[in-house]
Structures are given as C-alpha cells and as structure tokens.
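What follows is subunit A paired twice: with subunit B in the first complex and subunit C in the second.
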Partner chain A sequence: MSKKSYERPLIRKLETGMPGKFGLRNDLTPATHIDNIPVAELVENFGSPLFVISEQTIVQTFNKAKRAFTTRYPRVQFAWSYKTNYMDAVCRIFHREGSWAEVVSGFEYEKALRNGVDGKKIIFNGPEKSREDLTKAIRNDSLIHIDHLDELYELVELSGELGIKPRVAIRVNMDTGIYPQWDRFGFNLENGQAWDAINKIVHSGKMELTGLHCHIGTFILSAGAYGIAASKLALLAIDIRNKFNINLKYLDLGGGFASRNTLKGSYLPGPDINPGFEDYAEAISSSLHNSGFSTEELPLLILETGRALIDEAGYMISTVIGNKRLASGSRSTIIDAGVNLLFTSFWYDHKVMPAQPFSLYREETLICGPLCMNIDIIRNSVSLPMLKKGDRLVIFNTGAYNMTQWMQFITMRPAIVLISSEGTVNLIRRKEDNDTLANQEVVPAYLSK
Partner chain B sequence: MLKNLKTIPLDLYNSLLNSYSMVFFSRSHVFAGIMILVSFFDPVAGLSGIVAVLSANLAAYFIGLNRLNILSGMYAFNALLVGLGTGVYFQWSAELFILLVFSSLLTVFLSVFFEGMIGKYNLPFLTLPFLISFWLVMLAARRYTGLDISERGIFTYNEVYDWGGQPLLTAYNWFNELRLPMGLSTYFKSLSAIFFQYHLLPGILIAIGLMFYSRIAFILSLLGFYSAYLYYQFIGANFDELNYSFIGFNFILTAIAVGGYFIIPSKYSFLWIIFLTPVISILISSSTEFLITFQLSTYSLPFNIIVLLFLYLLRFRQGRKNKLDLVVFQEYSPEKNLYSQHNSRTRFRDFFYLPFGLPFLGEWQVTQGHRGEFTHKEDWQHAWDFEVADEKGKTYSGDGNSLSDFYSYNKPVLACADGWIEEIASQVEDNQPGDINIRENWGNTIIIKHLDGLYSKVSHLKKESICVEKGAWVKKGDKLALCGNSGRSPKPHIHFQIQSTPYIGSTTLDYPLGRYIKHESGRYSFQSWEKPQKGDILSNIEKVGSISRAFHFIPGQHLIFKVAEEGKADTFQEWVVETDIYNYTYLNCQETGSKAYFRSEQDLHYFTAFSGDRSSLLYSFYLTAYKVALGFYPNLQIKDEFPLHIMNPGPWKILQDFVAPFYLFIRSEYSLDYISMNDELDRSGITLRTKVEQLTMSSVKMISEGELFIGDGQIDSFSVNRKGRKITARQVKNRDEKIEEGKS
Partner chain C sequence: MNDKLIKDIAISESGLIFNPVTGESYSVNPQGIGILNKLREGSSLSEIKELLVSEYEVEPETAERDTLDFLNLLRQFKLTTTHGS
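And now, the complex of A and B:
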C-alpha cells in the first residue's frame, strides 16, 4: 500500500452550500489514469506538460455521431475538420474510420494529401485560397467551396486555362435565428448574394455546381438552428433544380456542434445543457426529410464537425509549480501549462482534476499558467483540494483547437502522445526545444561575430 | 400469310417428332427418331402412326388451335397411339387410311375436351383421349366390313422373309432365341408394347432411346417395372398380364410420370413408385375384368387413373409439400426439372414472396427473433424486435434511466414495402424504461396493407409521432413514425411482424424478408429471403444510383459494345432490350439471336435464363452479371448457383444424372465481389469482379472470370476470361467507329 499523501491543514469558515444527493460532501474521483495508463507514468516518460489523446474515445465518439445520423438519414459523410486538430495521427484515425478531409488553407490541403486522402475527398473551405492552391485543388478534382466573388472569378479563369471543370459549391450564410449571425463567410442567402453567385457559376459554364455549404457558427447551443439551416439549404437546392435542372449531390451543414465543455458564463455545466449528436441529427434529418426531396433523391449530407468529435479525446497533463495567496486572500496555484498551450481556456471552464488521491477538503482556487503575463489564467475559480508542488493535474476536454492554436511563447510546446485502442502509448509530436526555434532563425552575419 | 406458309414444312416436321417423343414426356428428336424406327417394325402400323400424327396436327392447325401446343405434339400424340394401335390390327388399304384420318380427328376433339375438362384442375390429360378414341374405333371397326384384319403376326416367318430375305430372318431368329433372363426380356417387351409391338429388339431400342433422353427416366422405368415384377411374384397374380399383353408398360409410364416428370425426382418420388405398384396392379386386374365384357383391353387406363388420382391428391396437401415437389415449369426432362427446381428453390423464391425491407434506417440489431424467449411465442412467434446497439452491443448510453438514453428512441420507423395504411393507434403513453403496459400491449401501432391478405405491423411507436394517415398510400422507405416505448415494451424498440389479417393483435405469418445486408464485425454479407436471427445486425441495401441506373435496362434500349480480343480485329455487338407478351424482359443479341432473360428488382439485378449461342458476348455477360446487388459495400461477396444443365459439365454429367434424385455432386457456383468505388460522391467508377466455378466433388474448375466497370449510370466495360480467351467489351454510343474503320 502506498503511503497516504500529505496535505497541509487549512482553516476556513464552514459554508453550507446546496446539499447534494448524498449530503454536503461531493466526492470526486482523482484522474490517476487515462485509458488505464497511469498519469505518473506518462509524465515520467514524456515530461510535463503533456497532451494526451485517446484513440478509443475518438472511435467511440465518432461511432456515436455516425449512429445518430445514419439511423435517421440514409447518406451521411463526415469530413474531418483539419483546423480542429491536424496532428497527422489524429487525422489518420478519422480517415481510417471513413472521414473525408475538410481543409481551410493550402497548408492543410497539403497535409490531407500527405495523409493519403484522395483529392476527390478533400473539401476546400476558407476565405483564403491562393491561385496555386486552387490550381492544385482543380487538378485533384477536390470539392471547392467558394467563399467570395473574387474567388469565383479566379476559378472561372483557372478552369478556362486548365481546361478542367472544377466541382464547386458555394458557402451560404443565413439567418437561422441565432445571435450573432455569421455573415463573414460565403454569400448571404436573404439578400440574394447566394443566388447571384449560383447564377454566375451556372452561366459561366466553366464549373460544375455540385453542392451547397453552410456553417452557421460555432459551439451552437440550439439544435433547432441546424434544422432551420438544413431547411433553407434544401429549399435552395430544390430551387436550383427547378431553375437550372441541376441535381445537387450534397448539402454540407458544416460544423459548430457543441462539445461537452462548459462555456464561460454558463450557469449549468456543459454536459447537462449542451445538445448532443442525437439532437443535432434529429433537427437536421427531420428538416431534410420534410424538405420535399423524395426518399430516393435525398442528397448526401456532409458534416464537418470537429470539436464535438475530438474534444473529449484530448487531455492535458500539467504539474503544480507552486501555491500562493492573492491579495483577496484566495488561493492561487501555478501550473506548468499556460494559455499559450491551452488556448481554449479563454472560452471554457475546463474540467480540472488532480491525478493523485486527495481528501474531501477543498478550496476555491485560481489556476495560473507559468507565463509572465497577467492574462495567463486557466481557471478563475475552481474548487480543488490542497495541492502541493509536483502534484499532477489533468485538464479535460482539450482535444479541439489547442493542438492547432497553441503558441510558442515564453515556453516551448510540449509533446503529444496517443494512447491507441490497444493501450499502447505512442509519441505523435515531439516536444519542442531550443533547436526547433534556432533552426528557423537566421542571425545576420554581421551579428553573429 | 406467305411467311406463315414458309414455316409449315418445318412446323410439320417439328410437331411430328414431338408427337412421338411426347409419348415418353420427352422433346428429344433423337428419341423420336428411334421411336419412328421402332414403329416401322410393323410397317403398316408405322405408316398408320405417321398418317395419324399428320392428320391430327393438320386438323388442329386448320381448326385454329394454339400453335405452340400443336408444335409440342400435345394434340397429336394420342392420335399417334390410336394410329399405331389401329395399324397393328388391319391390313393397309384406302379404307384404313380414311379410318385413320377420322379417328385422328376424333382424338383431337377428345384431346381438346380433356384439356378443357381436367386442365382446369391443373391436371394433364395424359392418354385419356387415346383410350376413349381407340376403344370407340375398335368397337366401330367390328362393323366396318371394308377393313381387312391383319394377318401379320400369324405367318411371321413369311413376312419377315418377304421384307428382308434370309439375313433378316436369321437376325429375327437370333433375337427370338436370345436367352435373356425372363425379367429382362419382359421389360423390353413391355417397353415395345407402348408401340403395340411385342418383340425384344424394339424394346431394346426404346430402352436405349430412353437412356439417351433421360437417365432418370430410364432408371424410373426399371424401378417401375421391377417393383411390379416382384409384386406379381409375391402376390401370385397372373403373370401373363405382364408377359403376354400390352399392359406391363403401365408400371413404366406411371414410374416416369410420377417419379420424375410431373414431380421433381427425389428419393420420395422413387419411394412412391414402389408404393403405387400394387395399386396399379389392382387397377389392371379389375379394369381388365370389367372391359372384357366389351372385349376391349385395358391398355393404359390404369396408368391414367393412377397418375391423375395421385397428382390430384397432391394438390390437397397442407404440409410436407417439399417432400414431393410438383413441377411448376415443365422442361420435358426429369433432369432439367430437377436441376431447375434445385436452382430456383434458392434463386426464384421472390416469384412468390413480396420483398419486405427493414423498417428502419442504418444498422439495427435483432434483439428478439422468431420463437423468441420473451413475447414471440405461439401464434405470435414469427416477429422481430429491433434495437440500435453500439459496438459493444449496448443499447443505451449513460445509465439507461431515461428514454433518451436509448439509441433506438426517437429514431424514424419506415414503411417496409409499398401499401396502404390500414390501421393506426397513436395515443398510448410511452413507458419509462423498465415499465410495461399490458393493457394496451401493442402500444402505438401502424398496420400497412400490402396485398390482400398480406399486412405488416410496427408497434411500440412513440406517442403522437405517427406522420401518416389511415388510408394513405406509402412507399417503401417512407417515414411512418418514431420509435418509442409504448405498450408491452420495457425499453424502446421496434416490433415488426407480417400478418395475414388487418387487426392490431393479429397472429403472425411466417414470412421471410426480402434482401438485406448483415453486418458482422465490419464485414458485410448479402442475405435474401432469410429470416434474421437474434443478435444479427442488419441494414437495408442502400441503393447506389450509378449501379442501379447501369442495370436499369429499358425495353427498346440498344446497347452497343465494341469487343476487343487479342489477335482478332475489333467487332461490334448490339443487344436490344425487349419484353415479351408475358412481361419477361431479356437482352436480345442482334448478331446471334441469343437471349438472356433478366429481372430487375428494387435492389437486385439478376439473370433468370439464357438461350442461344454459348460463344456469344451475351453469354459471357450473362455469366459475368448473373446477379448484382444494386448497392455498394466494399468487399461484399454475392454468391449464386447456375442450374446444372445450363453449364454442360462434361462426362461426369451422365453419372450425375443417374444419382441426381439422391445426391448432387456437381455444382456451378457464381460469385461477385465488390472491389472498389472511384468516386464516393457520385458513387460511380465501380469495379466488380466475378467468377464462375464448377465444383465436382472436391475439384474446382474455373469456368470464367470477369470484371465489370460501372461508370456514371452505365456499364462502361466488362472483360471476361473464358476458355483461354480474354474478351474486353466497351460500351459505345454507336457504331461510327466501325464506319471509320471501313473507310480506311
């Protein structure tokens, strides 16, 4: 039996909050293991901080999402949103499970190709696609989602030059009853810009209009908005068929499904109030079934959801650097992972759990990162047991956006490991070091003496 | 009209030969030739037979009876027997000729009469017209003084010498003195008696012809005869009946008719031949007693009575129908009947069944099957319960305390086939998990009427989720409601059953599903006309547009292929999609006249038959695209079998024929693999690989290998490797390329 860990004593006034089902005590289970691998062992082998990805969770979540849709709609295709997490290993898991790729830059496009994705199964989104990127996408017969008219004109020009008819869709933005309405991307439906773009595509004769795309926003807490979006998109598709006799092959509803994280400012925890795949699937497929397509001609439904598929599979392991009292008297714990690595802590109150056993006594704690910056706060206030230097913390639901939006700032970016479905631990991104940076830098000759 | 006249000689020839072979239920012209030869052992009888057949066929033709029936010999084979019989009794004369012509006319009348009278009971008229006609002619002839009674058979040696001189006489004597075992010689003589002969040689020739026509019929003739032979010895009956009159053949004909022609040959049909022997004997003895009053012989009366009684009896069976299978589509050969039936038993069950789909989208698991352990019992045993399960087999997430934890809950429930909404119940509250409602045990329910007497029912639907109305027409796959937990349902699931009455609570009908995909740990298997078992994970076949359009052949459509073969100049082949008056569709090859019959169902294309040139491209296509499911599942394999007699399996076939009623050791297997799909958005660019193998015992012989390439809604090309030839055919729009080649 291991020695019981020492906790320094604490005196505080008794606060009787809302009693739980079992009284006032709220026992929490320490996160000693991730997928049966001891956290301590992970840190020992790969250092701290450390990102951990669970393949098992990815596959389970993906199957859950797929099941929710395929038991409601006959033809569903997921396209892995690269920007959410484009670690090659992660992408390859999604591709193995049947996902296409959804990319928003030339860099991501290249990455998808290198991950073995057939050009025909790459969806090219985003407002910035260079002439070279577009040329490549046309040659590979990828699905190009046009964002603005200048891109449209460039495509007309390119398809003429190359003598290839690219397969395109337009991105449509619309009012789905949510605030803020995203209108930065694509063509607005209500003011007629979408039709303008469609007319131009069809009349150019240079492109094949294959589908329609929309992405109504991010972390959408109302499944009904997707129902509205699906209806509007389906109606537009039917109108296109009536006007041009073109049967669109797919409707791409984009992403934006909420994960289990709790948004900052949310009164209740995310898992309790955020819609799940079943809710989104019900809203979207009901709308499509009721939109006027016959059962036989229902278009392919493409989904680019990223966050909801990967968030739960990602963990951040961090180590306590030290504790202090703030001016208010409240406790602050400094850990070795900052907002430069956990970008999403600006958005969510991440669930945080110590990785070693603890007693039932806790205190509201502010968790700071190691940066010498005032904004480096992981959690403003979280009820945690007394932690001491060297203790480990596991931060949950960090799979989405962190491993792509992280910054090398003040500290180096840590390693990422993948726990395979079989339970083996695999390093999928090496820890950065000074050489990583130095290799990129050039010191002018006159300064290097 | 002129065109009609031109076909008359050929029609006459065909109908003549068929009339002879029809006596033994055959269509073999070789066999017919042997029988004509045998009939001329008595030249007058032989000539009379020909006169009778021609008279009967011409009469039928000018009266305007069905041409195909005339061609098949159906109206003339009775007249043939009358003619042969009459010819045996009289000397050749103009009077005999007239008698033959008009007795044939009478026989045609009787044939049509019996066709109408007993045909409506779906029974054949056999040789009843012959019996009546011949008895009448025999009775009448006693008063016809112009006819000379034949003296042949009295001064046999003189006649034989007259016909063929000393050599024939020597041969005749040799045969007569041939010491064959009693049983064997009686067998041959009984065979010859069918043609009113009573000699060894004709019998031997007929036996050879019979063996040539059908090995099974030959064995049946032996079985029929020898069971009679043994029975007569056992019972101590008058053995002369077999030996010295024309009635031993009753056993032989009955054996062929019951054992293999009207009934699929099997060990059961063989057993019945033995059981029927004593009955036939009773009929022979009694009818002989009876007819002796009129000085008439019983001829084939016992055969007619027993075969008709037995066939009639079989139609009243309520069970054990597969023990003695009646032949539905007559192919005029016990072998063909057997092989076709064996093949169609697995292939063409849908001719009788309505193809029901599954009432859901995606993959669901059978959590209670037929004769289930919970509620599918007794009168309600033929039902299925379906639930959605995850990869670990769990049907809910979380703790399963609320309905929304269950994957099945709130999922669309679909119409399993086209039909009218017959009945709806929609106001039953959903139970909390674990609770059941025994009072309204079916819960919210929809009944669809598909045909008269064929209904389907889905139960335990979510309250007020039903989105169809009573009386509405729904199509297969339309959404009906959502899966709920109402009625006797402790957790959300779909209860699905087929029933023959329109009520909620009706008992179930044991009915198979149409075609579906079974999922086994990431692998797919194609199922047709199966009843899924508990634990099976199923989904409907999701139709892929490009494949289904490629195999959607529209009558009138022309398919032109440019055929490339190594070492040969390219050729063009053109097929036309045609439909006959029975609504059978087929591809008709313009170059060879070959026909490949096919059926296109919602989710399946398959060929049913091929006739014509086996070296044609169409035959290669028939082998390659024998059965194609119109969906795409990677690595899915579809298997099927060809009927044995289609594939010409070589010398082993003869041995196989002999033992076929008991054991089939040759099989021709077809397999189709779904290899790849180039474009998953269009779902086109599909490669399928097929293989035809012949399995004899343990040896496997490759008959053909092929590949099909399906582009966007059409068969782009296919290649076949058969008999060492590799042919590649590419579909082209027209033959322009040919013209260009001609120019150069």
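And now, the complex of A and C:
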C-alpha cells in the first residue's frame, strides 16, 4: 500500500467575528511553475536561492503602461531607470521595446552605452557626475539634468572648453501635497531656486535649455500628486516661453509609480488599493492638456518609471532550511534567502507561496532568512501552509531594486535567470563563489606565507 | 507519555475540535486528528510516531519532532494536562 503524503500535524484556534487582516483573500494556488517552467527544475539547474525574471511579464507590463499614457497623451517616451534593475539583459529588453536610458552615475552611463543606447537617448540624472562623466555626456549629446549650482557652473566651464552646447534640463523639486517632500535633489520651485538656475543657464549662452525634470518620490500612492507636479512643471515651461521665447522640448515627470506590492503596515493588499498606470496617466495627461499649451506645442512627456515596470517580473525562489517554535508559541520558518538579497522586505510584505501542492491548513508563520541577525525577517506574520525542510518557497514581486541593492554578506549572491518570451531559460548572472571574492582581495606578502 | 487529553473534548471527522469547558473551537489537520485519537486511547509517543510513519511518507525523526511540537501546542491551548512530570 502506498503511503499518503505527509504534512506536519497542526492545530489552530478558530477566531470568530471579524475576518483578520487579509482574512478575506485566500490564494490557494501553489507556485509550482514560473512561466510554465517547473520551479523544481530551475533550482536543480541553477541552485537556491535563485532570482528569476520573466521577459513575458516585462513586456506585458511595459505595454500596459505605454497604452495607458499614449491613449491619453500624444507624445510619450519611457526611459529605463537603470538603478532599479541594471542587469544588461533586462535593460536590453526595455531598450528593444523602445525605452531610452535614465542613469545616475558614470558606471550606469557607461553600462547604457555598452547596451547600445544612442548617447542622445541617455538621460543623465543624479547629484554625482564627475568632470569626466560630464565631458563624455556633452560629447555624446546626452540629456544632462542639472542637480545643483556647482554642477551648473562646471557645465558652463566645460561647454566653453569643448565648444559644444550641451542639452540640459534642471531637476525641480516642489510641493505636490505629499509627505515627505523630496527637497534634497534639484532646485526648489517655490523659493525661487529653480528660476535662479534657469536664468543662469539662459544668460550663460553656453547651454541649450531643453526640458524640465522632477521626481517627486517613490511608491507614490496618490495619483493626484502627479497631476500637481505636471501642472507646476507645465506652468514653469510656459513662463519660460513667455520670458525667453524658448519652447522646451520635454517635461520629464521622473519615476515613483507604485508597483503591485503591498507596503508594510498597509491594511489592505497592494493590488487592491495602489493606483494603476491608468490613474497616473489620467492625472498627468489632464494636467498637461489643461495647462495652456497649444496642441502643436505639447512637449514630449518623459517617464522614468522603475519599480512599477519590473517588480512583477521578478521572483525569488528559496528553500526551507528548517522550522522552529518561538518562545511566544508562534511558528518560524527559516529560508535560505535573507534581507541581504531581498532588501525590499524592509518596505514590502512580499507575497510568498509554496512551490509544492499543499492542503487547506494554514498557520501564522514568521519567515526569516539565514543571517545571524534579528532584523533578517522576510515576512513578519503570514498565513502559510505547513512547510518542511527542503520545500521551496516563491517570493513574488522582487524585480525592482533587489538585484542592484543586494549585499554580499555571510552568503554569496545567487544566480539570476531570465525566462524568455519563447520559454527558454537563460542564465543572465552567474552565482558568486569564493573565487569571486578572493579575486578582489589582496593578502599582503607577509601574511601569505 | 504524560499528556492526557482533557475530558469531553469533541472531535469531528472533518477536524473540528470543540472544548466545552472554554467554549473554544479549533481546526486540526488529518495528521493532527490521528494524534488526538491516539491520545484519547492513551497511546505513547512511540505509538503515535509509529502511526504517522506507517500511514504517511515521513521519516521517524521528523514524525517524532513534529509530534512533540504538536503536543506542546495542545498544552498551550490547555487541551491536555500533564500528569506526574
């Protein structure tokens, strides 16, 4: 007689009354496959933990975003935010789909060039651009977004030396009604800094003022804030036209749209309450249409959307190391992926799902990583079927910022694979090993005997 | 084995448990029901382990560890009493 499959014995107290947090939602489908590829096969071939990226999801999400904007506004251009995920394979998918590049360092700028992006289609943001970086960007006719006055003066100097008029914009920060207001980057609109910078650029005669940029924050849950930002930038552009007779080519509204993740501490799940592309597109485009541009004058709308375009396409597969009953009586499950690899677990209650079939029984579980640190918690309390050593757990919506902000700490950074739209599995970043680290280290001769 | 199921506990086949003393209800999975029934018969830990191992695809060590954990929970919920420890 064949034996039944085992699940550890469980007893759970039944609570009556109000359904608990997320109590109404019961997702019962195990994540056995990602894009039709068995999770077990992925782990067998590439190890655990493992990051998996779905090209199909990237393309679908990108098309959704593009459609939301282009159906409402005639001229839209996305620029892929490199810092959000700069795996070359990922960047190349976005470029193939028509995205420009948005970079914030010399390293990212160089990466964009290597990915075949035309210098004219690289937006150079951020507070730190070295003289060499700026020189390169000027020569390549990239769009340079000025962050502060020292940079502005350096650009005046450089463009004089090189005899080239760079195309520039200023980053503007402003009050859009959201808290916290990001005022560390760019020039403030309300206190006159923005106008001061614009006057200096125009009067220098050395640069071509091409656009205006803002990035009001990240994971902004209010679409209305974008409406305000778009209105304010549009008004500023119209004032510039009236004062200097300069028609700006574009308004860049930056990134910051919420992905489908659930913010930590949110009572309702993200997919139910976060605004979607349509909401942001509606707010921005109606502000621009109402702002007083004639139809021919409408500037190009640039978007540097990061997390909302890639979060959903990223999965992390991890393996259960063991279970523990804590002093409080609650269950804790240890997995092989910690917060050093899943930085975003500090912000999000990531959706997690076992990769093998399970029964209806659930238990509140604390999911911890393998690091010897109290903060190494992937989920504080999540109702999960019983998991046993060796089981796989899939963590959803991990495509943004993890593969760029991960840390090598105690464990090695794992491999990343891309499942192509055709269904092939491609290694896009090798797993690190001891040699990866040893190659960077130098043991002084007197210690190497 | 020192753990005794308290009296009058109702166990339904579908895994619903009712404690008439406190009025509280619990849900238990089939493996748990098996253990509760064994406890009611006054079985020992090794008998419970054998039951799990004979019915399910599980290593004896895992079965023992999980059973001990389950017994702990029963104690925490005050569904069992411990004698003579």
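Convention: the second predicted complex is superposed on the first by the 432 of 449 C-alpha atoms of A that agree within 3 Å, B and C clash if a C-alpha of one lies under 4 Å from a C-alpha of the other, contacts with A are read in each partner's own complex, and residues count from 1 in each chain.
Here, a residue touches a chain if its C-beta (ideal position, glycine included) is under 8 Å from a C-beta of that chain, and two chains touch if they have at least 3 such contacts.
It should be emphasised that the depicted structure is a prediction, and the values quoted were computed from it without experimental measurement.
Within the superposed three-chain model, A:361 lies in touch with subunit C and out of touch with subunit B [touch as defined at top]. Judged by the touch definition given at the top, the superposed model places A:11 against subunit C, while subunit B stays out of reach. By the touch criterion defined above, A:300 reaches subunit B but does not reach subunit C.
Set against each other, subunit B and subunit C differ in how many residues of subunit A they touch, and the higher count belongs to B.
In the superposed pair of complexes, A:67 makes contact with subunit B only, with no contact to subunit C. When the two structures are aligned on the shared chain, A:184 is found in touch with neither subunit B nor subunit C.
By the touch criterion defined above, A:3 reaches subunit C but does not reach subunit B.
When the shared chain is aligned, subunit B comes close enough to touch A:282, but subunit C does not. Residues 3-14, 325, 329, 359, 361, 386, 388 of subunit A are the ones that touch subunit C when the two sit in their complex.
Chain contact summary for the complex, subunit A toward subunit B: residues 60, 63-64, 67, 70-75, 77, 120-121, 143, 167, 210, 249-250, 278, 282, 285, 289, 295-296, 300. Interface of subunit B with subunit A (complex): residues 360-364, 388, 390-391, 397, 404, 407, 410-412, 475, 477-479, 542-543, 678-682.
Across the complex, subunit C meets subunit A through its residues 17, 24-29, 31-32, 34-35, 52, 54-58, 62, 66-67, 69-70, 72-74, 76-77, 79.
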